[in-house]
Amino acid sequence: MNRAAKVAYGGFVVAAAIFAAMFVGALVMMAIGADVFRTYWVILTEPLQDLFGVTEILVRAIPLSLVALGIAIAFRSGILNIGAEGQMLMGILAYAATAIALPGLPKFILLPLSLLAGAAGGALWGGIAGFLKARLQVNEILSTVMLNYIAAQFYTFLLRGPLMDPGELVTGTGTPQTIRLPKGAWLDRLVEGTRLHAGLVIALALAVAVFFLLWRTTVGFRMRAAGAEAKAARYAGIGVERYLIIAMLLSGAFAGLAGAVEVAGVHRRAIEGISGGYGFTGIVVALFGGLHPAGIIPASAVFGLLLLGADMTQRSANVPANMVLVLQGAIILSIVAARQFMNNPYVQDKVTRRFAKWFGKRVPTVPEAAEAACPDPADVAGPCTAGEDGQGDGKNPAEGR
Amino acid sequence: MRPEPIRTLELRGITKRFPGVLACDGINLDVPEHSVLALVGENGAGKTTLMNILMGLYQPDEGSILLNGRDVKFRSPNDAFGHGIGMVHQHFMLVPNMTVVENIALGMKETHKTFGLDLKQVRRRILEISERHELPVQPDAFVWQLSVGEQQRVELVKTLCLGARFLILDEPTSELTPQETDELIVLLKKMSDELSIIFISHKLHEVKALSDTVSILRHGRMVFRGNTADHSSSDLAALMTGHEVNLPRNECGDGCGDVLLEIRDLRVRSDRGYMALDGVSLDVRAGEILGVAGVSGNGQRELADTLNGLRRAESGTVLLGGKQLLNRSPRDVIDSGMGYIPEDRNTEGIVPSFSIKENLVLKDFAAGTFSALSFLRLGTIRRNADNLKKRFDIRCPSTDTAAGSLSGGNIQKVILARELARGPKALVAVYPTRGLDMGAEEFIHNQLLERRREGVAILLISEELEEIMNLSDRIAVIYKGRILKIIPGGEATKKGLGMLMAGVMDE
Amino acid sequence: MVNFLTNILILGVPFSVALLLAGLGEMFNQRAGVFNLGCEGIMAMGAFLAFMPPYFLAGSMPAGMANLVGILVAMAAGALMGLVFALVTVTFRAPQGIAGIGLHMLGWGTAGTLFRHFVGGVTGVPGIQTLPIPFLSGIPFLGPVLFNHNPLVYLAFLLVPAAWYLLFKTPWGLKVRSVGTYPRAADTMGINVNRVRYQALALGGAMAGLAGAYLSLAQAKMFADDLVAGRGFIAVALVYFGRWHPVGILGGALLFSLAQSLQLSIQVAGIDFPYEFAVMLPYVLVIVVLALSGKSKMASPTDLGKPYNREQRV
């Protein structure tokens, strides 16, 4: 396949995948008697009507991009981190507890310190799953999902107990939330009158950092090698287990930071329902962004739009906001299915020949050796195959998925 | 419901493409009744693909199959079974955690009743077949409990139970000892009175011993057809490879240096827990190739893994230049100057999705040459790759190409380039030419001999006697985790080695 | 004290049913080589769809009939979702872990969207009533523990030997086991690997749908967004724990349900223990169980998680 044909083919597959996902969403909308086109129109355009809408998209894109960057690190290292939701909550707790404990510190110390504490809280939670996977071959999907439920309970426990705003007890409303955090732990607002905050800068800077980490440093080289083919990495002297744990620590740290940044920039106190599905949406963003920072940043804006738009459909199209979950699920399924067409040289070859037949062109004769058919490494790399290693030897039933 | 007997079977113009490979290119083949046809060719010549098409596993892109002159279409193996065609695959097609009866019942659709399996009927059929053809099997054993030879018998019984009167055997001797091979050939000879057989092999003495006619495939094309008796083995070999076989040889003799790699009393358990290496001791001198011959599965994999820190030994010593390497991490072993060409090049030798240049520094990216302060030096990595690409004749459009998309020979060159460029003191090479064509094999053999001249201690593990005998200064025969005997390369004979590989020590 | 323990058992046995049904279904998926994490989402859909007929048709048909319709709809939808998963993972050979998360979100989101639109708030249904087995339910201790439940409980326990028979004694079970362990061998024996995987996923989906129906109709007698609360994921973990065997899965399901009823009993007994930690218990138990269960090579379907491609050369 030549380059132009390849791009056209890729574009066609992506378009088909998006169309398939929107079709599934449309089925659900039809089931509740909603106007499909109007709903999609609302979701995709309504948030873009004014500056406030745009800043709100970015407000959502900030935690999404951080979570997705972390998930990309894990996926690239061969581990599927479904636990961002729980890692965010632990990050929020660590951040809030630090800020509450040290209110007197000057901002230039307290802010970085408490954000780092947030990252550490997430790292701890991610690290548990990494450790369980590396040392005890516990399937990381199941362990991270369970850790999500555990974190949610722990979060509620602290917000209703030790970390609860004493004022709530006095007034008796009993809302589970912390006190308003000291100003020294806040991230500044970037645009007057909106909620857009300095977390945007952090997210962009970290996207660049992740790129350098994965593709320009020896640590990233090891992590990618371990994720792409664990056996070969081990044979080359890379401590695969150690890098699994490091990847999960990093991945958890990103999710924890996402939670901390969200509270520091938007809510300024820990309340319930902050993670609000960011953990799961982050998976979709990471996949949609091709597990690469350069793709994740725009992808997180797209999904920020989708999340905001879905909130609006409730009012303007009478479609419950849960609709966004339906779309995300459908997008995951269609993306992973489409990758088969994108990356598999066997399928590509077949499709090319089928096309050639339809258009009556001569089938290009294939050379005897495979050299001419070499696809780009990025294509073969199929980041979605992350986490599929380890079953090759069939030794660990717990790793199958 | 016996199918009509097959008098003639013809394949006409069969073409099959895989991405980047034309596996079969307009192949014609005729098989007469009650005879043995040998289908001969190098690895990758398209033999197995052709037979999988005949079995209905692959659909040909072009061409047709004619049975008794009539066109037939095989969409699945069921269609082939229905016409009495059966195949014993090179890798046994038996489900390890099911019993022999269950495995055979899987294919006997007539025993699939609505409310259960009629295992009694299956068992009766098995006993009937195994008696008639003198193929004893244990119907209730689990497949994983059986030895390779027993599994092969089960495969034969299975195929016959499914009503095959036209038998395809894909390299049936590849995992058997020479003695088991002889027995199988006698058995097949007897069976050919009742059956027609297609016998796939690249071992020419077996072809000579068993077949009536021979067809030779090369690069997906049929290049020769004739009566086996009319042609000598060397004629056939020349036809098979397309040129005079002229692999380099080790002209033994010139002085080997001191012992560089010293292995003493190595005891290692296999994955299943038995002693895979039971007191192995070997010395490899600088500038020496020590060949380890043996049927695969006798401890070779465990030996290579243990030497490279990938498997824990129970006890023993491994010294490289006097430094203890037993149970050290793979990293330590690599840093001590050990090179390794692993058995499975696609998953152990390279990271398939990584580019060629990344694979070429897979062991050294953290060294000062290729990184500074933990940052990769992309320029040096690229230059290194371009350099090695030229030196080792790696054929690829660019070194940014994913290594996994290369042909087997080129993948092996990437591995060889990486290992040799590091300037190893010792090198462990496991089946370094398995599945490669003659050109690549010649290149790799030359490289190994050149390193030998430079004073590298080389441990060559192989099951190809030819390769071992051509290259080794000394040959150690491994059998059931022990070294039976070490003989000088010049004194080894195929027959002698074959006896030793089967565990026979009668001299 | 004896009373306390009996109560835990009486409560625990019906709690195990949803896990057991979903776990048995997932067992067939995994035995056929497919790891379906979407189980959770299928259960959510099943729970919602089963809830609909009794909720809407309450007046127009007998409650039992409406329940039955609900169960059948839930199972049909579950089978359909199983087939969607098969399309993605078997035909398109997508990685199963991540696809399962996608299916989970799809099912969960769809159930939530439909629920918000059609129902809106928390509403109960009469649900499936207890059906004591005459005579047997009168046996002291055993009677109330085993024979005084709703019909789905009996059905679920009868499905354990049925699943065993199906898996180990029928031609279909033989095919399922072979395609999960060595699909290429099955293929050379003329078995359509992908078709068997489609069938197994449809069956597994239907069972997960039934498990969901049990949750909304028999256990909670209502529907809520988070009704399933991770039981689908726990069911997947149970299959590992139970070594891909119906009896092992039964044991695992009972272990979890007893832990859950123990937790409830502790709260009812008024022992001072933070509620949140009690709720965590089953989830912690899953992790512990996964970490401690040994890795057996022989029991597991060794090709679990790997798509089969006939033309991929080995």
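Lettered A, B and C in written order, each chain numbered from 1.
The definition used in the following text is that contacts are C-beta pairs under 8 Å (C-beta built on N, C-alpha and C of every residue); 3 or more make two chains touch, one makes a residue touch a chain.
Note that the structure is a prediction, hence the values are computed from the model and not measured.
S.K.: Among the chains, which has its CA centre at the largest distance from chain A's?
M.R.: B
S.K.: Go through B-C and A-B and name the pair with more C-beta contacts between its chains.
M.R.: Most contacts of the two pairs: A-B.
S.K.: Averaging over Cα atoms per chain, report the distance between chain A and chain C in Å.
M.R.: So the centroids are 28 Å from each other.
S.K.: Per the centroid of Cα atoms for each chain, what is the distance between chain A and chain B, given in Å?
M.R.: 43
S.K.: For chain C, which residues are shared contacts with two or more other chains?
M.R.: 299, 302, 311
S.K.: Which positions in chain A touch two or more other chains at once?
M.R.: Each of 346, 385, 395 in chain A touches at least two other chains.
S.K.: Where does chain B touch two or more other chains at once, residue-wise?
M.R.: Residues 18 of chain B touch two or more partner chains.
S.K.: Could you pull out which chain A residues touch chain B in their complex?
M.R.: Going by the criterion above, the answer is residues 212, 216-219, 221, 224-225, 228-229, 231-239, 345-346, 348-349, 353, 365-377, 379-382, 385, 392, 395.
S.K.: Which residues, counting only chain C, touch chain A once they are in their complex?
M.R.: Interface residues on the chain C side: 30, 35, 37, 41, 84, 87-88, 92-110, 112-114, 116-118, 225, 229-230, 233, 236-237, 240, 244, 274, 276-277, 279-280, 283-284, 286-287, 290-291, 293, 295-297, 299-306, 309, 311-312.
S.K.: Which stretch or stretches of chain C touch chain B in the complex?
M.R.: 169-171, 174-175, 177-178, 181-182, 184-192, 298-299, 302, 310-311, 313-314
S.K.: Which positions of chain A touch chain C when the two form their complex?
M.R.: Those in contact with chain C are residues 24, 28, 31-32, 80, 82, 132, 136-139, 141-143, 145-147, 149-150, 153-154, 156-157, 160-161, 280, 283, 287, 319-320, 322-333, 336-341, 344, 346, 384-388, 391, 394-401.
S.K.: Mind pulling up the chain B residues that touch chain C in the complex?
M.R.: Checking each residue of chain B against chain C gives 18, 49, 55, 57-58, 76-78, 81, 87, 89, 91-98, 102-103, 105-107, 109, 111-113, 115-117, 144.
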